[in-house]
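One structure is given below, represented as structure tokens, and several questions about it will come after.
Labels run A, B, C and D following the written order; every chain starts at residue 1.
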Amino acid sequence: MVDWRLFEPLFEFARRKSLWIVAFCTGCGGIEMPPLMTSRYDLERFGMMPNPAPRMADLFLITGYVTPKTLKRIIITYELQPDPKYVMAHGSCPLNGGVYWDAYNAIKHLDKYIPVDVIIAGCMPRPEAVMDGINKIMEMIEKGTADGWKRYKENYEYYRKNQDELFGEGWREKEARRWIPWLMDRKKEE
Amino acid sequence: MREQAIVEKILKEAPYAEGKVRRERRVEFTVPAERIKDFLMTLKENSFELMLQITVVDWLKDGEYELVYQMWSITHRTHAMVRTRIPRELDKARMPTVRDIYPAAETYERDAHDFFGVYFEGNEKMEMPWILDDKEQGLFPHRKDFDMLGYVKRKYKILDRFDENKDNYVI
Amino acid sequence: MMVIETALKALLILLYATFVGFMFMGIIRIVTARIHRRVGPPIYQPILDTIKLLSKKSSITHGLIYDFGIIYALGATILALMFIPLGGVSILRAYGDLILITFLLEIPMLGIMFAAMSSGNPWAGLGAQRALLTLLAIQVPLGFAIVALGEFYGTFSTYQIVMAQQSMGWSITSLPLLLAAVAYDLVLQAMFGKEPFDIMIAPGEISLGPMVEFGGKHMGILQIQHAIALFAETLFFSNIFLGGAVITAFASPIINTLATLVVLLIKQTAVLMVAIFIGAIFPRFTIDQAARFYWKWPTIIAAAGAILAAL
Amino acid sequence: MINELMIIIFAPLLAGVLAWIFDVKGIREGVAIIGAAVPLAYLIQAYQTLASQPSIQYSIVLSGFKFEFILYHLSWVFAMIAGVVGFAAVLGMVSTAKDSYEWLFALMSLTGVYGVFLADDLISFFIFWEIMTFASFMMVLKYNRKASLKYFLLSVLGAYAMLIAIGIIYAKVGAFDFTSVQRVFYQDAMRSVMGSDTLFSRNELLLIFGLFLTAFGVKAGTFPLHVWAPDAYSETNQSYTAMFSGVLSKAGVYGMLVIYILLGTRLMYEFGNIGAAPKFGYVIAFLGGITIIVGGLLAALQEDIRKLFAYSSISQIGYILVGIGVGTALSIEAAIYHAISHALFKGLFFLIVATIIHRTGKTQFKDMGGLAEKMPVTFAMAFVAILSLAGIPPLVGFASKWLIFEAVIHQNMPILGGMLFFGSAIGFVYLIRFTYAVWFGQRPTELDDTKDAPLPLAIAMGILALLNVVFGIAPGIVAGELNKIFGKEIIQGTIWELNLGFGRYNGLFITIWLVVGILIAAVIYFLGAKVRRVPVTDTYQAGNPVTMDYNLTIRRNFFLPLKETLAFWLRMSFDRLYQDIGSWVEDLAETLRHYIYNGNVQAYAWYLAAILIILALWGV
């Protein structure tokens, strides 16, 4: 086999300059994405592209607060993405709960459940701040410090423990089966 | 006045209710809980076509829930609020369902059940999971006596970072 | 000796086609960005994307067909490329039959569909369904356009058609073939997968449809395939309708070849630009709208061309 | 010494009867295989004989009738189709046949089809035609009464049509054998060119042509007489359908060629040409074109695996008819080539269907899925068959389709050309429906222990798949045989290449470059990261976790948008039309019984008197 380490700088350059975004716009930050993508700020200058399919995405944007219910989907989507993958979180809520600091249904620390490379503080951060965050993550990729995907693999037990504590053991199976009785009933009606 | 005429007409058909005009295009009725179905039927006949929402207000000191059925009439361009009160104890907070009159009510009733524990009798989907996760099911977190901060601390394991009396919290 | 020469030529053609195809993909993105009044990515952006995708450190598979379908798609595209006349340098231009090339340009899609469907993702199934119905819709005007060409020139050899155009003038200067070219250009819009006929990949609705499960090297190979297919499709159009290019004005064969490639490149870019402009200003058709559209005006135009050519 | 032609024709019937008598599992299968293999062996042996002499003839006199048989290049090609596909189908039946009843009638229909191909006079042609129809009817009857009755009714219609046509010909010519009939019609054509009186008038000619067209159209499944085919093809043993669709429908195609042989010259001179095609042929071609489209579109909308291929079979027969109809030597060669390739890939497809049904017991698409992992051998065969039917080079389906395309378009027939293109696309469409629903996607849990094809079926499929590949890469092998039919080099080129002068197709180069392309792609693939196998539940479902309890496949109405687009056209149905006609006839009979044949003797007396008076007035 070819020794691909020789080409690693080229790969890093390509990874930095071609971040395909899968955006999890459940929270309030979704509305900051259109100005970023369109002619006002034009993220495509940096080779970034919105992409609906996680299998070919690099950058996972989590915009705004995260509830346990969406966190389950976020974890599943995150695990679908191929390595190397980067996570960027918008706003104060993923950082520490933000205005939902005492809400029963908002995650307080996103980085306990999946590794987050860059968090942009603010409620909500302006598009300029998001651009700054993107520049930051590009720098980190260049330096090799954007290693969330490695941390997730190395500390999988830690993340897994936190997830299981929040959702309970076997939550994927449970969440999937939750609706089955109701789906089956509908089938019988047909 | 148009609104006044509507209220008078409806009150004539439903003498058990009280009603008044709040302001332009906004009317308000108060109905006893057991007559809600009859009253909503009357409203529907008087061309209040849409049910917008069912909201629940938790009057902790009165020991009562106030259910507000938000109705909208496309014909009259008028918003009607139908208020009714039921006891807030979980076993007594029961209402007849109105989904046979307004099919949209099915969803709003599930919503009210999820967050406040009002049980709507006759709605088959009452037990179907709604917004809340399994952990919060049965806690009815929007009730005023729900210990939010204590629950959040237990759930997210962030005991030492909050002060009890909210005046001096650290984030 | 013969084999080595052929292999070298094929390699050069392949590299050239891949490179130009990637440039075309870059041009599509830049021009679309300019129409949106954006700056747009650099022109080499698709190459970076491909390198990034190929250098992904993990990859998934859903079984043998999932891998083989992708490989087959790229292989079939390379096969199609070899049959299309590229001035004086193409390998198998003597066998570059019109109908053969039309089929060859379609079969990469079959490979992609096989791979997509074997993933078992519902979006992929839906995308495959839409892609196939688009194929069905475009096939009627496409068929009539090809029939018009075959009847007009009395031969099916693409190379002979190119040579005939050197003496008779471009195909689109005669009425029947002008009609056929208009219809074929509308078909090209769907073959490129550009709006308004991109319902099969509809990013917002069905998560890229057939592409939803591809990631890493699978998607990288598909990017290369897309580049070559873009090159091959524009080249085919330039050859059969826009006169192709066979330049023999210079003494040196190398300069002749280069001049041919430049002329072809200009024609291909023109074909591409039309597609980009149409794509940038139209919204998306649903699948039955697309089918009705293709079975109406393009079919009528192309059939008129074919009947005129037959008379 | 009994003649080899007789052995070819009657060996399957003999074997069938033996298998029926010795109803022992094991023996009857062996006998049947021998019965199907013997004609094949004799046919292969006859190839050498045919190289030195133009034909092998044999005649037999039975109760005053002289039955004549002939084996020449055309009938050899068709008989070889019957031999190979019939042999494969019999091998397949070893696994799927339930009792000796099926063996008897399956082999009897093989006899019938050999007889049709080798017959040299109208009477034996008709008799064997009826044997074939009867045997296949019995095969369908066992599985589904209603389907068999529909088949029977339309076949009877065809049989009567043929019988009347034969009667008319015999009344004028006074002979049954093809040679005399052909000579008479040829002389007629010459006379009509001279302007002198002809034996058959223009209208009689038209009538004979129409009757033959009906008779052969029914068997081939031409629009609008195709309605029996979907039911009959699907409601029988699927291994037998490989023969039914692959070979028996070719009898209809062969019949169309017989029209050309017998009446061709006369019809051409009488009715003239449209463009380059004879006018009467254009009727056949146009019907063929509509058959392609109708069959293909309906195939795409089926929910039953057997029905899909039944309609697909109809659609593919359309190609053959287009080729025959255009009527040039090239197009007829192309049509025969497509007849061969249709027999090969459709025989293969029905054997695959037989395997699937044999192993899973399911026929609906909604009950299947994900079988590619469980039945890899069958899937490999299906892959070949799919590529072949879809017309992907370098497989036999492309070579023959390409020939038809070139032949038709070169004759300046734009409308037919458009129909052919549409047909090839619709082929893609229904094949992907089959592929998606059966092989890929989520597998229902009850299919988890499905086994691969049983050995006889696997061998049968292997034979056909191999021929699909071989004749695709080396199309010149077939083209060479076809050239012998016309006695001249219509399709030039080597065994790898078809060269028409205005178009070239080289199977070998395509194979080489496809392999090269795949190698290049594979190098890129293998340089990439290692792949990890994931289950079907680990796919992107908008982030939702799923289990196997969820349905992840589009199981029903896969081509719903197509259905919506075609809603207007789908409201018309010839099947319903015939049913309505049937019920009208019933109503009419009821009325007649009620008012006219009411059992009153006095009324009958009045009828008799009225008829007598009418006859008297007429002057009889």
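In this text, a residue touches a chain if its C-beta (ideal position, glycine included) is under 8 Å from a C-beta of that chain, and two chains touch if they have at least 3 such contacts.
Please read all numbers here as calculations on a predicted model, not as lab measurements.
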{"item": "Result of counting contacting C-beta pairs for A-C and A-B, higher pair", "value": "A-C"}
{"item": "Approximate Å spacing (C-alpha centroids) for the pair subunit A, subunit C", "value": "35"}
{"item": "Separation of mean Cα positions, subunit C and subunit B [Å, integer]", "value": "59"}
{"item": "Centroid spacing, where centroids are CA-atom means, of subunit A and subunit D in whole angstrom", "value": "57"}
{"item": "Subunit B, residues touching no fewer than two other chains", "value": "none"}
{"item": "Subunit D: positions in contact with at least two other chains", "value": "527, 529, 538, 540, 542"}
{"item": "Per-residue multi-chain contacts in subunit A, two or more chains", "value": "53-55, 82"}
{"item": "Set of all touching chain pairs, with the criterion as stated earlier", "value": "A-B, A-C, A-D, C-D"}
{"item": "Subunit C - residues contacting subunit D, complex", "value": "10, 14, 54, 56-63, 65, 67, 70-79, 82, 91-92, 94-95, 97-100, 103-104, 106-107, 110, 113-114, 117-123, 125-126, 128-130, 132-133, 135-136, 139-140, 142-144, 146-148, 150-151, 154-157, 207, 212-213, 216-217, 220-221, 224, 286-288, 291-292, 299, 303, 306-307, 309-310"}
{"item": "Sites on subunit A touched by subunit D in the complex", "value": "1-2, 53-55, 72-74, 76-77, 80, 82, 172-173, 175-177, 180, 183"}
{"item": "Residues on subunit A engaged by subunit B in the complex (per definition of touch)", "value": "68-69, 96-97, 101-105, 107-109, 165-168, 174, 178-179, 182"}
{"item": "Sites on subunit A touched by subunit C in the complex", "value": "4, 7, 10-11, 13-15, 17-18, 20, 38-39, 42, 44-47, 50-58, 81-84"}
{"item": "Residues of subunit C that touch subunit A when the two form their complex", "value": "29, 33, 36-42, 45, 48-49, 51-53, 55-60, 203-204, 207-208, 211-216, 219"}
